[in-house]
Every structure is written in structure tokens, then in C-alpha cells.
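Everything below concerns the one structure shown next.
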Amino acid sequence: MIISKAPTLTDAQLAEVEAIVGEFNCKIQVIYGAHRNIYAIIGDERSETMVNRILGLDYVDRVDRMESVYKLMDKRSDLSNHRIRVGTVDIGSEPLIIAGQCTIDPKNPQTFLETAAGVKEAGAHALRGGIWKPRTSPHSFQGTSASMGTLLEARERTGLPVIAEVMDESQLRIAVEARVDMLQVGTRNALNYTLLAEIGRATAEQGIPVLLKRGRHMGPVDEFISAAEYVVANGNPNVVFCPRGSMPALDGYRNHPDESITPLLKERSWAPVIADPSHSVGRARYVPAAALAAIAYGADGLIIESHVNPISGIGDDPKQSITPDVLAGIIRDVKAVWKLRSRFNE
Amino acid sequence: MIISKAPTLTDAQLAEVEAIVGEFNCKIQVIYGAHRNIYAIIGDERSETMVNRILGLDYVDRVDRMESVYKLMDKRSDLSNHRIRVGTVDIGSEPLIIAGQCTIDPKNPQTFLETAAGVKEAGAHALRGGIWKPRTSPHSFQGTSASMGTLLEARERTGLPVIAEVMDESQLRIAVEARVDMLQVGTRNALNYTLLAEIGRATAEQGIPVLLKRGRHMGPVDEFISAAEYVVANGNPNVVFCPRGSMPALDGYRNHPDESITPLLKERSWAPVIADPSHSVGRARYVPAAALAAIAYGADGLIIESHVNPISGIGDDPKQSITPDVLAGIIRDVKAVWKLRSRFNE
Amino acid sequence: MIISKAPTLTDAQLAEVEAIVGEFNCKIQVIYGAHRNIYAIIGDERSETMVNRILGLDYVDRVDRMESVYKLMDKRSDLSNHRIRVGTVDIGSEPLIIAGQCTIDPKNPQTFLETAAGVKEAGAHALRGGIWKPRTSPHSFQGTSASMGTLLEARERTGLPVIAEVMDESQLRIAVEARVDMLQVGTRNALNYTLLAEIGRATAEQGIPVLLKRGRHMGPVDEFISAAEYVVANGNPNVVFCPRGSMPALDGYRNHPDESITPLLKERSWAPVIADPSHSVGRARYVPAAALAAIAYGADGLIIESHVNPISGIGDDPKQSITPDVLAGIIRDVKAVWKLRSRFNE
Amino acid sequence: MIISKAPTLTDAQLAEVEAIVGEFNCKIQVIYGAHRNIYAIIGDERSETMVNRILGLDYVDRVDRMESVYKLMDKRSDLSNHRIRVGTVDIGSEPLIIAGQCTIDPKNPQTFLETAAGVKEAGAHALRGGIWKPRTSPHSFQGTSASMGTLLEARERTGLPVIAEVMDESQLRIAVEARVDMLQVGTRNALNYTLLAEIGRATAEQGIPVLLKRGRHMGPVDEFISAAEYVVANGNPNVVFCPRGSMPALDGYRNHPDESITPLLKERSWAPVIADPSHSVGRARYVPAAALAAIAYGADGLIIESHVNPISGIGDDPKQSITPDVLAGIIRDVKAVWKLRSRFNE
């Protein structure tokens, strides 16, 4: 990781650095930060000769070689003060609430527009609406690109930034072209490194925030942080962790709640944490408690499935979506716990 | 489960009922409630003939035959309104805080007395002090009965009720004779049914509350509730659930935090839940967040390891005990969350 | 799933069927079997009207609507007698042994050629050689397409069919163009449905066998079978299950061995099972026992990491590869257990 | 651990050693081996002064202070050549087969006698018959001491040594008085250290072999070995490990099969391993495969639930017991695999 003296390298300087690392089979990846760029060395950066030659350039301040499997995500990296913004919220300054339907029902787009209005009124800052769905069976409904239009219409009507899950490159292209405001990577793709790298590249310029769901199967915390490193190392530093329950499930829940991982992530990495209580517990009636617990553990916000009439929904909505009314109550309590916890989570 | 018309049966009535069920190889176990007794039929209570004969007695109101593997612990049982008291706290009316050392160091009883004073001042309602310790190796320090004296002295000085873990019948006898105020069953003995039944019998008359730690390995919620049933079915209805983290651990913690099981327990059973954040996360710096999360999930209180000088402690104290100062901060926050949550946990 | 009277539909018949299901928002996917084709209805096939219209066609024998989330993989499907061939081995008729290096070291292609010769002499039927590697860190060596040349050269020299893991569409294209003999999907991509579907489509005509590693995190057996359904429903029925250990690990191993899942797979599905003891235990010295246990549980073969000089290897080879000598001993024992087990696995 | 020059210390020598260690708050525990006794120092044996004084005694050869949490169970301890005998079988010389009913039905003792005859004829070396049963619910049938008579009668008729599970001290007394030939500790009591220590003491003189089931919840291998250390450190070196499946279950089985732990146990400890395929998979039809896999992994024998008419049994028998006919087939295959594996398990 090359730290330049000026916030950015000039094109000529960058070309010079690239030539040097190229001799050692490495490449330079530019990470576009808000205040300064970072120039990551991709490849084996342990060569003393290579590092010494870079250090010899008068526009280079230093070269960081970190021990951990992730470098850019490390709390000690130069990105440690990087802040991520979603809509009007500078994450960390107030609890970010993302809400909306698990799935946009293509037969019932009107309901999604009502849900969008409902969650906005309840106080949500961003709108979730599932377009494509990873399904256990290839014979189940997998979503349709047509729902992108519904999502964009809801954005226009409410002014809320929108978030969409993408599962492959073609969906990624559609979402980036539609200029969705946040991308989501689901739990099944949490270790799909090709997709993570592609997302990093495809969003490098726009810097679209990426919500990275924790693999329901992940063991070590470092594995989660390393997955995020794939996005950041490919150009987009705006990555957000999302615990969403792990397997095996706690009997009675859909998963074993894992919002408790938040302090561990925050000790090692600088990236914010937005917890997903809806998938964690998987039943609407447990969501309020799980939401509050996540904030108690230090989460920077929540993504919650909400629906104006859950029972009429498709996908996971009938089981785990709460109404905008319940959401409003959660948001009020979340703000209260947010204030309390300031003392012990620092 | 026989529900009599009057709060209790007379001796003659009880004898009559015992004679009837005896013909069907069943026995009657009396559960001494605060307001009324319950007469559980121990054995196979499904015989229609037996039930019909009992129903024929004019002092019997009804006979409940429940489907679940537990009967007395069921939320629909006649114990559903049973309240349990520890010291000055009627559990459920305010958050019960139990605090103190993992282990009383027999070489350093004075420190325990200081810890006792410290946790009292911080606002704890009851005092924990480990006398005997289950240890992985038979060659490790296993505690000594001599520490009972230290625990009792601390009770006398502070006026706080005391809690002691017992691992076998001989320890149980000592603890009951010493009239400790609460007994604890540890995670390793969570399925030691002989011990659970003995505790139920030995404490039936005094009604000493029993804190039943969740097995770190337990799967189904019903298995936990059924283990409690062993205590209650043997005569003591004052049983309290204690989630304390489950295995496999969440990387970075001692266990996988399981305070989230609280809503599931409360849906099925009437017994209160006191969570143990100290063992759950296993590191002092994570305890405040975990404590607050447990209250968010609906716990009725907390048992927290606290020590005036953790680093000088033995057992788990150096790793997971917090100081009384930190405890005081937790108690303040716990009370705030307690107020907030009233709405959504009902 | 449409079963035609003749082994295949004519183009005109297929067009007619496609027109009907199209009215119900369904599609037809042709599955090219060795003896007959199967015509799967992709979409919601529960419409009575649609089924009745298809049944009205005189060249249709029947329409199967199965209850399970998978249809084609079901043991009761028309594929139940489908046999898969790798090189000279008709899977099921004798134990299929795939062996070779975890990773082809691009700096040391010669060693791979020696390993290839070694495993052939030991009795292996197919050659494994990792070209691209999914790595936890984006900064680790990820393999290089250049190693495909080495793999193909080894095939030419030994005559052994070769197997390659692909992690995304671009690797898939390269592997299909190179006409590798078997494709592998790794544990991290076990639920990457887009990749699985793409593989099904890209290999539909050639019918390249696909070795589908079990997700180390998979819970239900049906989830594994359903993942395979994605490949088959997109056109390639030659899918093979590969248990490779699951998480959390059994202390001392890399994973918790899961060759025991074999009888469960075979009860529900017709597809063969090739177990991977190398990743399961993760240490060379335990591989022989794990290999034999897999055959005892009914596996149809093994994929084993082998290297002529494990300590000089890269990737997982130093830890878990065995030498061709040890491999030869395993193959001998595997054949002996194969004979024994015929009685009890039917 | 004191190693004397002669196989045993005289009473006077023992008294002298006890006096020395007593000054350091330690005790001596005699472990009665077949060929020589071992004198374990119970307590903190790290005192240099104490060790030096013992080493000064001319009848002492050496004092071993080992690093692991277990000492006597360690493969490097002086017990490493200790052999354990059950009936006519010297464990390790041929596969030991223990078979019989999960539960002796007190209403149907005759069936148990038939089962006993059946398993003997099938080739079993020892007879299992559950007398007392740990049950999830206190309202379920818990067994009755009366069945001890049935077990002893079966021993008399068949000449087979008998094994009985004990769950507490009172059952232990009954079993020792009845001179049962092997004791079993169940999975729920695997960490009930008081019971393990009591068993060690109660069987020290008779040296009754103890089959220690692995806790279904156990994580580290060392925890299992340390539990066995409790028995051995209290006087009885005849302890046998029994893997029986761990939690969480592999979907479709009662547990996650764990016979694969065998090589790990054998690397660290000298004690034999008898696997329990019946509880591991929990369904009769999977038992033969699981039995063979355990032998492939190096187990020294098997404990298998068998019943002349499983469907008429109680407890777990209807689900997981196999008939003596099936047992005979397993025994034949087990012997064949036993021969094969000699090469790779050394």
C-alpha cells in the first residue's frame, strides 16, 4: 500500500510506479477515497527490492506492508478514517435504517410503492426491494429485471436511496446502469470472490456503497473482513458489513443471531456494520428485540424487512416482514439505545 | 397435574389421590407454590381410567394433561403466574443484577470481601462467589469448601443474598445447610438429571431459587425447559433460566452469545431469564455490550463476573471480570433499556 | 418434467410444447441423456390447465410433477438410471480414483508432469490439477490460466482425463474450450446459483461431468441436491456429488469429515458420490483412513490430493497431499472394501 | 507421576512419599496397572522442592511432570502399554463387539434373554442392556433397578460379560455390587466430573473397564481425554473412549457421525476406542456402513444396539436397533476391514 505525499499521484507518477511493480509481477490498484487515493500493490508485495525502489521515489511518503490477510480493511490502514454516506446519512453519525420488502412482487408493484411510502414515513433512510432472488430450487421464482423499474419509481416518489442485491455480473451491470444507491451481496455469495472483485471494479468510479452480508457459514471474523477486501482492493472503499445470522440455527429461529460479532469487526476494521435482524431471527415477532440488541452491540444501523401487508407478500415477507408501524417503534427505541451506548462502545 | 378446588389438599385428600395414582404406577409430587400447591402426577398420566377416577373426587377442580415434554414449566401450566424472589427483588419487576467473582481465592479471602462491598455499592442485588469449580483437568484447582465461610461472611457484611454453584450431592448438602440464597447449576451439569432431581428435592421446603445455566451444547429450546422440569417436578418451582453462550464459539469470543434465546424461552415457559454475558463473550471488554443486548432481548436480569482487581484473580476472573465501576455503568444503562423495551417484549 | 413416448421429441414437437408452456410463463429445458432426453418445465409447473394441454399431445407419455424442491435429481425421476462416465470408468461399476495436485505451481510445471505420471502408475483414473484458486485474501496467489497448458500436456502424456475447478464464467469458457474432461465447483461456490446454471448451459452439449463439492456450510441434504439441480435443469445431467468436510471442524482436522452423508444422498438422488478425504481431514497422515471410511459409507470413488514431493508444493499440497506410493496403497484397500460393502449398501 | 524402580512401592515407601507430598498440599493416588502401579501426584506438582525431595528417595526412578492437561492418559505416560481386557478379548488384538438392547423392557424380560442369545450367536463378545435411562423429560420412563436381575440372568445363560450405564452414585453402587463387567458413562454425563471421579474410586480395586461416551457437544479432543483422566487419576486405568456422534446433527442422522475422531485420540492417548454407530446415525439402516467406517478409521471395536425384534422394543430400539442377523454380517465385514487397515493405521 503506497501512501503518496500529495493526496493523489499524477498520471505520470502512477505510470512510473506501475512500471516498477510490473517488474515484480505486481499491479497497482487505485482506491478512490474521498480525501485521498490509496495505491494498493496487488500481488506479493514482500519483495524488499521492489519496496526499496518505490521508497526511492520522491513523491512517495511510505509503503505499508501489513501482516494481516487484509490490508485495506485493517483498522490501521490509511482508510481508517474513511466515512461512507448513504443518502443523507453519514454512517456513524446517526443510526442508518434501511427498510423495505424482501421481494418486489412483479404481479403487485403497487404494494411496493405503498411500502416505500410507509417506511419513509416511519423514518427509514433507504429503501430495500428485492429484484432477483437466490432460491434453493431452480424451479422457484427467481425474480425479474422488470422489478427494477418499480424500485426506481419508488425512489423517484419517495426520494429515498435504493438498495438492490446482485448475484452475478449481468445483474451488476443493470444495477450500476440504473445508478442504484447501494448494492447488496447476499450470504450465498459471501465467498464468491469473482463477483466481489467484479463489484469492486464496476463501482470503483461511482463509489456505490456495497452492503456485504456475512456468510451464514463463516467461521473466522478475518474471513469476513477478507471478503470485503476483495471489493476494496478492486477500487471501491465503500463497503459495509452486514451480520445476518449464522448456521446452525438456534432452535426456533431461522439462524443463530450474530449481531454480537459487531464489536469484533470494529476492533479489527474501520468499516461500518449494518445488522439484519429480519434474516437473523426469521420471524417478524422477534425482530424488534433483535434490532435493539444489534444497536446495543454497536451496530451503525439496521436493514429490516418491512411490508405494508406482510401476509400478502412473497418470498420471505409473510414470515419475517414487519409493518411500517412496528418499524416506527423500532426506530424510536434504536435512537434511545444509540445515545446510551456511546459510552461503552468506544 | 391435579388442580384442587382449594389452594391445597388436606393430608387425607392427598393420601386418597396417592392411593389412586399408585394403582397406575404413578406418584404424586407436591409443588409448593406461594399461593397454591400443585400436585403433579409423576409417571404415565395418560390413563383415562386413572384420570376419570381423580376427576370423580369432589375436591378436584380439573386434571391437566399437557402434550409437551414438560408440564409444570409450560407457560400454560398453573405455575404461569408464579413469581420468584431473590433478596429484595421480585424478579420481573426490575432488572435483577447478580455480581461477584468467578472464584473465591482461598489464599485471598479479603479481596472477595472487597469485591462484595464493591458490587453492592455499584447497585448489585445479589453476590456471586465460586466455591467449587468444575475443571477440565483433575489436576487443576477444584476449589475448597473453606470458601463457604468467606461467602457467608460477605453476606453478613453486605446484607446481599449469595449464590453458589453446586456440582454434586455433597456440595448441595453443604450449600443448603449454609442456607445460601440461590443455587447455581453449571453448564456441564445442565443434563445431569440425577443432580437436578436431587436439587429439586433438597430445596423443596426452603424453595431456594435455582439458577440453571444453559448447556453450552444444548440444541432444542425444549431440552433446556425440560431440564428445569426436573427441578420443579421434584418440588421446587423457583427455577431461573440462564443463557451463557453456546458452542461452537463465535471466533473471538469464548462462546457464541445466546442471549437471543430469551424470547423463545418466554414464549414457551413462565420462568424468568437471567443472562450471563461474562461467560458468553469471555472477555471483559465485550461484557457491557452483551449485557445490554440481553436486556434488549427481554432478559429479567444479569449475572456478571466482577472483581475489584481482575488481574489478580484466579479462575476466569483475569479474563472476563469487570470492575465494580464498569458494573455501575452497566446497571445504569440496563435500567434505561429496561424501560424502553416494555412495549415490544409483550 | 415431460416424458415423451419416443426417446426424443422432433423439432416440431418441441416447438409445440414450448408454445404451450410459454403461455403459462414457463420454458422448456432439454436435458440430454445418453438414452433419451428429458424435457423439464422451468417455472411454476403446477397449472392444471397447462399440464392437461400437454397431456393432450399424442407424442407425450406423461408429465411428472414432483413434490421435492428438486425434480430431475430425485431418485424417482426419469434420470434414475442415468450413468456417468469419466475416462474409462463407468461410475458405479468400480471405484473411480481422481488424484493430483491441489495446485499446479506455475514456477514448477515439471513437477506436475511427474505427479501425473506417478498417480497414473498408482492406479488413478483421472488427473486433478488446480489452475485457479479461490483464496481468502485478494493478495494471495490466485493461480494463472497459463497452467491450463500444463494440465493439457499432462493429459497428453498420460492419457488420463483431467479435471479443473472453475470459479466464474471466464474460467468456464477457457475450460470448456480446452475440452477438459471434468469440471469442479468448489465449496465456496456451492450456492452460487448463477455459476451453476451457467455451467449447466455451457456443458449441455458436450455433457462434461461436473463434480459439485458440498458447501462446507451446508445444512440440509436437500440443499446440496437442489444445487445440483441447477446444473441438470440447465441441460447437463452429468453431475457428481462431492462431500469434502463441513464446518465447524472437528478439533484436529481441517473440517468435520462428512463422508457419512453418502447414504443420505443415495437414498434421495441417483447421482454418484465421489468423496474428498484430503480436504475433509486436511492432513496427509489421516487421508488413508478417511478414504477407506468413505468407501465403507458407499462412495463411488475418491478425489485425493497427491504430489510427488508434497513438501515442495504450494497451496494445500504441503499439508494434505500424499505421495503416489501412499495412493497406491489406498487404491488397493479401496478395492477390497468395495467388494465387501456390496451387500449392505443396497 | 512417580515411577518407582520396583513395580510397586511397599506400604512403608508409599507412606513416606505421601508424607512428603502432603507438606505441599498434594496427595498420592495409586493407579493399579496390570504389570506395575503408577503413583500420581494429585494437586500442583510443579513445586521444585517437592519433586527434588521425592527424587532423593532411592526407590524412586523418576518423576514425570507432563505439560498436557492430562497426564496419565497421555500416550507418553507410563500407562502407554497398558492393555484392557473385556471378557475373552484383549482389546486391540481383535475387534471387540458389544451388542444388545438400548433398554431392557421390564415388562418383557424374556425378549432380552432372546436378544442375548442372538447376539452371542452372531459373534458378539459382550452384552449391552440399558437398565436406567437418562430421559429428556422427568415424566418419561427412567428405567428400573429390577432390570439388573434380567441382565445378570442373561450373563449367566450366555456367559457373555455385561455392560451397564450408570448415571449417579446409587446406580454405581448397585452395578459394582452386582459385579457387572463394564460400566458405561453416557454422553450427558461426559463432563460430570464428580461422577467420573467417583467411578474411578469405586472401581479402583476391581478395575472394571469404563466405557466413556464422548459428549455429543464436546469440542476439543483434549476435553474428552481429560474427562477420562478423572477416572484414571482416581484409581482405575481401564478406560475406553466411545465416539457416538456429535451435535449439531448431519441432516438425516441423529447426530453428526464422529468415528473420524479415532485417529486423533490414538495420536494423543494410549486408550482404546470402541465406536457407537447406533447412536451416531440413529437409524438401523445406516448402522452397517457406519460400523465399517469406524473400523476403517482405526476403532478397536464397536458397541451396537441389537434386538431380536426391534419394532417391539422400547427406548431407542425401534429406531436404531438391528437384528442379530444383520449384526452377524457386520461382524464378518468388520473382521475383513480390520485386516486391511493394519498397514495404514500404524
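Each chain gets a letter, A, B, C and D, in the order it is written, and its residues are counted from 1.
The rule we apply is simple: contacts are C-beta pairs under 8 Å (C-beta built on N, C-alpha and C of every residue); 3 or more make two chains touch, one makes a residue touch a chain.
These numbers come from a predicted model, not from an experiment.
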Contacting subunit B as well as subunit C are chains A, D
A-B, C-D or B-D checked against A-C; over half of contact pairs coincide for B-D
Give, as an integer number of Å, the spacing between the C-alpha centres of subunit B and subunit A. 41
Distance between the centres, which are taken as Cα means, of subunit D and subunit A, whole angstrom: 51
Per the centroid of Cα atoms for each chain, what is the distance between subunit B and subunit D, given in Å? 33
Please output the residue numbers of subunit D that touch at least 2 other chains, ranges allowed. 219, 222, 248
If you connect every pair of chains that touch, what shape comes out? Choose line, ring, star, complete or other. ring
Mind giving me all the chain pairs that touch? A-B, A-C, B-D, C-D
Considering only the defined contacts, which subunit C positions touch subunit A in the complex? 42-45, 69-71, 134-141, 167-169, 188-189, 191-195, 197, 215-219, 222-223, 226, 229-230, 233-234, 247-248
Help me check something: in the complex, which residues belonging to subunit B touch subunit A? 219-222, 246, 250-253, 256-264, 281, 285-286, 288-290, 292-298, 329-330, 333, 336-337, 340-341, 343-345
